[in-house]
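Pasting the structures in now, so scroll down.
Each of the next two complexes has subunit A plus one other chain: subunit B in the first, subunit C in the second.
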Partner chain A sequence: MTKSPLLELEKVTKSFGGLIAVRNIDFQIDRNEIVGLVGPNGAGKSTLLKIINRFYKQDSGSIRFEGEDISRLNPHEVCKMGISGTTQIAQAFPDMTAIENVAIGVLFGKLGRTSVNEAKKKAAEVLRFVEFSENKMETLVKNLNIAELRRVQLAKALATNPKLLLLDEVTTGLGHIEGEKAIELIRKIRKSGITILMVEHIMKIIMGICDRVIVLNHGEKIAEGTPEEVVNNEAVIRSYLGESSDCLK
Partner chain B sequence: MLLAISPPILIQIIVWGLIVGCIYVLLASGLNLIFGVMKVVNFAHGEFMILGGYISYSLSIFVGLNPYLSIFVSMIVVGVLGVIIERVCFHQILGTSKLNELILSLGLIYVLQNTMSILWTDYPVLINSPFESRVLDWVIIIGITMLIMTGFYILIRRTKIGRAMRATSQNRVAAMLMGINVEHINMLSFGLGTALAATAGTLLAIITSITPYSGEIPALKAFTIIILGGLGSPLGAVIGGLGYGLIESVAVTVLGGTWRDAVGFIILILVLIIRPMGLFGEKEI
Partner chain C sequence: MKTISYLHFSLKNITFYLSFLLIIIALVIPFFQISLYLMHVLILMFYYIGYSSSWNLLAYSGQVSFGHAAFLGIGAYITTLFTIRTSLPFIGVLIGAIVSAFIGLLIGLTCVRLREWFLALVTFGFSIIMIALTIELDEFTGGTLGLIVPKLFPSINQYQYYFYYYYIMLTLAVFLVLISQFIIRSKVGLAFAAIRENELEAKATGINVMKYKLLAFTISAFFTGLTGAFYAHFIGFINHQIYSPENSFWPIIINVIGGLATIEGPVIGSILRFFIIEFLRIMEPWVRTISPGMITIYPKMQILIFGAILVVVIILMPKGIAPQLRKFLTPKE
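And now, the complex of A and B:
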């Protein structure tokens, strides 16, 4: 039996007015990979993530998840199939506690059909998994700092029980130590069997953690390969990083 | 001035204030739910209220149903109509210009008013209470409001669907990311909001006569209440509603009936100058 890839994009194009944000993007993601999506500002990285989790509808092209066409589905439908993620600006329910925030993911995600009490228990487990401090679980999210909020956001995504996790700049706003911890956490998430597609602007993080990297520039895919291959790719160096690739090392 | 009022009259002012306040609480809570979840300004909310009153009126006249029991039937009928109107009208323009919502809801006022005028004529109607004693009516009105608001509170705070409503009202994007079908939540919130308005309408038609046009001013007052209480704050809608009823009752006695509608708006202007986020709202950072 040939197993289809977890996610397949075929000739995906999306424009906003006259501006083409992504053009003819093709790629596949296999199970249990960590794939990095990089490119300069405005390259179309976040747009692509938003197309995958269905916040944006593509103009043309198709997207398949576990072999099933998801090109016409809505965000809550793909969430229930097992695609979840975080956004660049941490999204949370400010007037709910951390545990209530995460419990929403358990109640409405892929698991569904759980009681509120069970959902809260599961939410506490997920918060512990992302090493969220035990004594802040009942704190309203609007009173948390950015590092705590990032953990809650990650826990919210994990609580939906995803197969594919889309991470959009999860280390933004974090200090060096918090950033390192976030990377450890991403490794731990992969170990638990979840596939990850991450957008990240810090190349060092991408190099250290990703199995494969896809490079976008002006909405087009210009390279794909292992981090080493991408770093040495002529097209990447020329059109994205300038003449010198020192900044990658 | 208030000190010069004799105790029996003072009690009457307070009781009347509470009764009217109950109607405002129901009306404003429904409006607040719709605004909170969908961020839609529905000026036709008052017409849903009056429609609820007329449905209960017809049920009591033609079916002989106790008007207090007819509340639950009119809640369902108006709630279902609310769901249909959300689907057919508001859903189509959600996320476009605020002006579209405004004109749509203003248009709905006239569509609903004219429909009610055709069905029930423009003559004022009053639902006859099955009880002799007015005091008993007042007690029942307060009791029904408490019952419905308790049910509403439990629904919002304790149930899965209530959590989805709160989540959607606090952050739509996060709600969608976590598997909540926000379109269904919009529909349910609109239905529930209009059902609450229908309850208010039945109680209103029991204490005073209504015409198809009686909903306009109460809807504006409901807006005042949710702004006073803080937009999106459920507690604000309850305290704001009761407070508004009491203030209005005092104003009518002390200043005269001409001031009934103006006094609340004067307070609104004062509150907005002193505390723009409303009494229970929070400052946006």
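And now, the complex of A and C:
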């Protein structure tokens, strides 16, 4: 008996008014993979993530998670099934402490039934896992810097105990060193058994971390393969990478 | 690790001792042979603490009601109608609260997708509908003439009734503050806070936003109905004016001044309201002496002064007095 892929998209289309954001997208993600989603601005990458975590409803097509159709579910329902993620603009609950932010993930995610105190203990563990500063755990999130906020956001997503983590430009706003640390963290997360689908505009990150890359352009999938295959793909070079792709080879 | 988040109410916190002291003072006051009038206004102060705490629970989930007098009135009318027919006031109070919660759930269903001003307007509209309904259904409600509300329990005289009622309303106020604290510190409270802070992020973190918003409406309406029912049995008379906009605005004014979505806010706001109103009452003879003409507009001064305080608080302390007071009282490390 073959195991079904973790995530499966079939002919997914979404439009906003007259603009087709994604068109007939098909792909699969297997367990414990890191898959990169790349493409120029407006290619539909973030839209696709929002369709997977159910913030947007697709116009047509189907989405299956562990073989189960999730096309009609709501964001909180897919979160409980094991899909969680971070957004392009770091979001959190600003007037709550870092530990409370993450505890909410523990309380309402896949783990579910646990007391507030237990959830806070678990939240502290997750914050330590993402290497968040120990002495800032009780700091209100609105008083954190962008790198700390990104870690809280990541910890909050991890606290829901996901099987699939959707990362939308997780290095945006981070400096070089913080960006490197974020990449190390993504590797560490994968080692813990979590599958990752990440949108990233920095090709070097994609090349260094992803097992497989899917390229979108104008809402359509134009290529899929290993990072090496993708950077050598004619269509990808023409529409996205341009001549600068030479430096990635 | 020694830091205090705003969700904590640690025993070591000075706020706790201050609250304890306030309760002790409140418990002994009636033994000092205070006047019937003072007893009356203190009971009303406890009523406002209870009412504002109930309203605050809804605000804690990020939903603002401009028509909470509707739930207050439903609780009051249901207990009155029930007690008139059965002479079982305590059961009437409970049924009033339950019916109010049920109506709150229904209103919540229509409001759950609305935000800010739209939500405020729908809730306000509902309280206006209740005025019209009460006047139209005069066969049951007594119309504009209202209804005499039976006493909650028999008493030898009014002083004795007030004496016992003082403790009933004090218990209700303390209970509602404590239950608010319990809810806010629970899983449900964290969901309410998350929804208030960032609704989309709350959904992404696995919170069923619709369910918790409805729960906030239902809980808030239940406790508002309960407070309204006890209020009716104390005042002894109700008519359509219980649904008045003024009655809906008081918990908003009290909470904004005291501290919106905080435990202490309703207590601070209600105590402040009590002192301002009493101050104005004490000043009345003086105003009468220096400017007899002023006395006709004097009753309106209350709302004028509260309006002025509201403006000052919003400008100087946008989050109300409680967060400032907490900052002041929290021991520095």
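Definition applied: the second predicted complex is superposed on the first by the 244 of 249 C-alpha atoms of A that agree within 3 Å, B and C clash if a C-alpha of one lies under 4 Å from a C-alpha of the other, contacts with A are read in each partner's own complex, and residues count from 1 in each chain.
We adopt the following convention: contacts are C-beta pairs under 8 Å (C-beta built on N, C-alpha and C of every residue); 3 or more make two chains touch, one makes a residue touch a chain.
Computed from a predicted structure; not experimentally measured.
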Return fit or clash for subunit B versus subunit C, each positioned on subunit A through the superposition. clash
On the A-aligned overlay, A:Lys80 touches which partner chain: subunit B = first, subunit C = second, or both, or neither? both
Can A:Gly179 be said to touch subunit B (first), subunit C (second), both, or neither? neither
Give one of first, second, both or neither to describe whether A:Gly61 is in contact with subunit B, with subunit C, with both, or with none. neither
Please indicate which partner A:Asn53 is in contact with in the superposed arrangement: first for subunit B, second for subunit C, both, or neither. both
Return first, second, both or neither, reflecting whether A:Glu138 touches subunit B, subunit C, both chains, or no partner chain. second
Now for A:Pro94: first (subunit B), second (subunit C), both, or neither, which partner does it touch? both
Contacts of A:Gly39 with subunit B and subunit C, given as first, second, both or neither: neither
Determine where on subunit A the residues touched by subunit B overlap those touched by subunit C, and list them. 53, 55, 74-76, 79-80, 84-85, 87, 91-96, 100, 103-105, 107-110, 116, 156, 160
Subunit C partner contacts - residues on subunit A that touch it in the complex: 53, 55, 74-76, 79-80, 84-85, 87, 91-97, 99-100, 103-105, 107-110, 115-116, 119, 137-140, 156, 160
Please output the residues of subunit A touching subunit B within their complex, sorted ascending. 53, 55, 74-76, 79-80, 84-85, 87, 91-96, 100, 103-105, 107-110, 112, 116, 156-157, 159-160
Touching subunit A in the complex, subunit C uses residues 1, 3-7, 185-187, 190-191, 193-194, 197-198, 200-209
Residues of subunit B defined as touching subunit A within the complex: 158-160, 163-164, 166-167, 170-171, 173-183
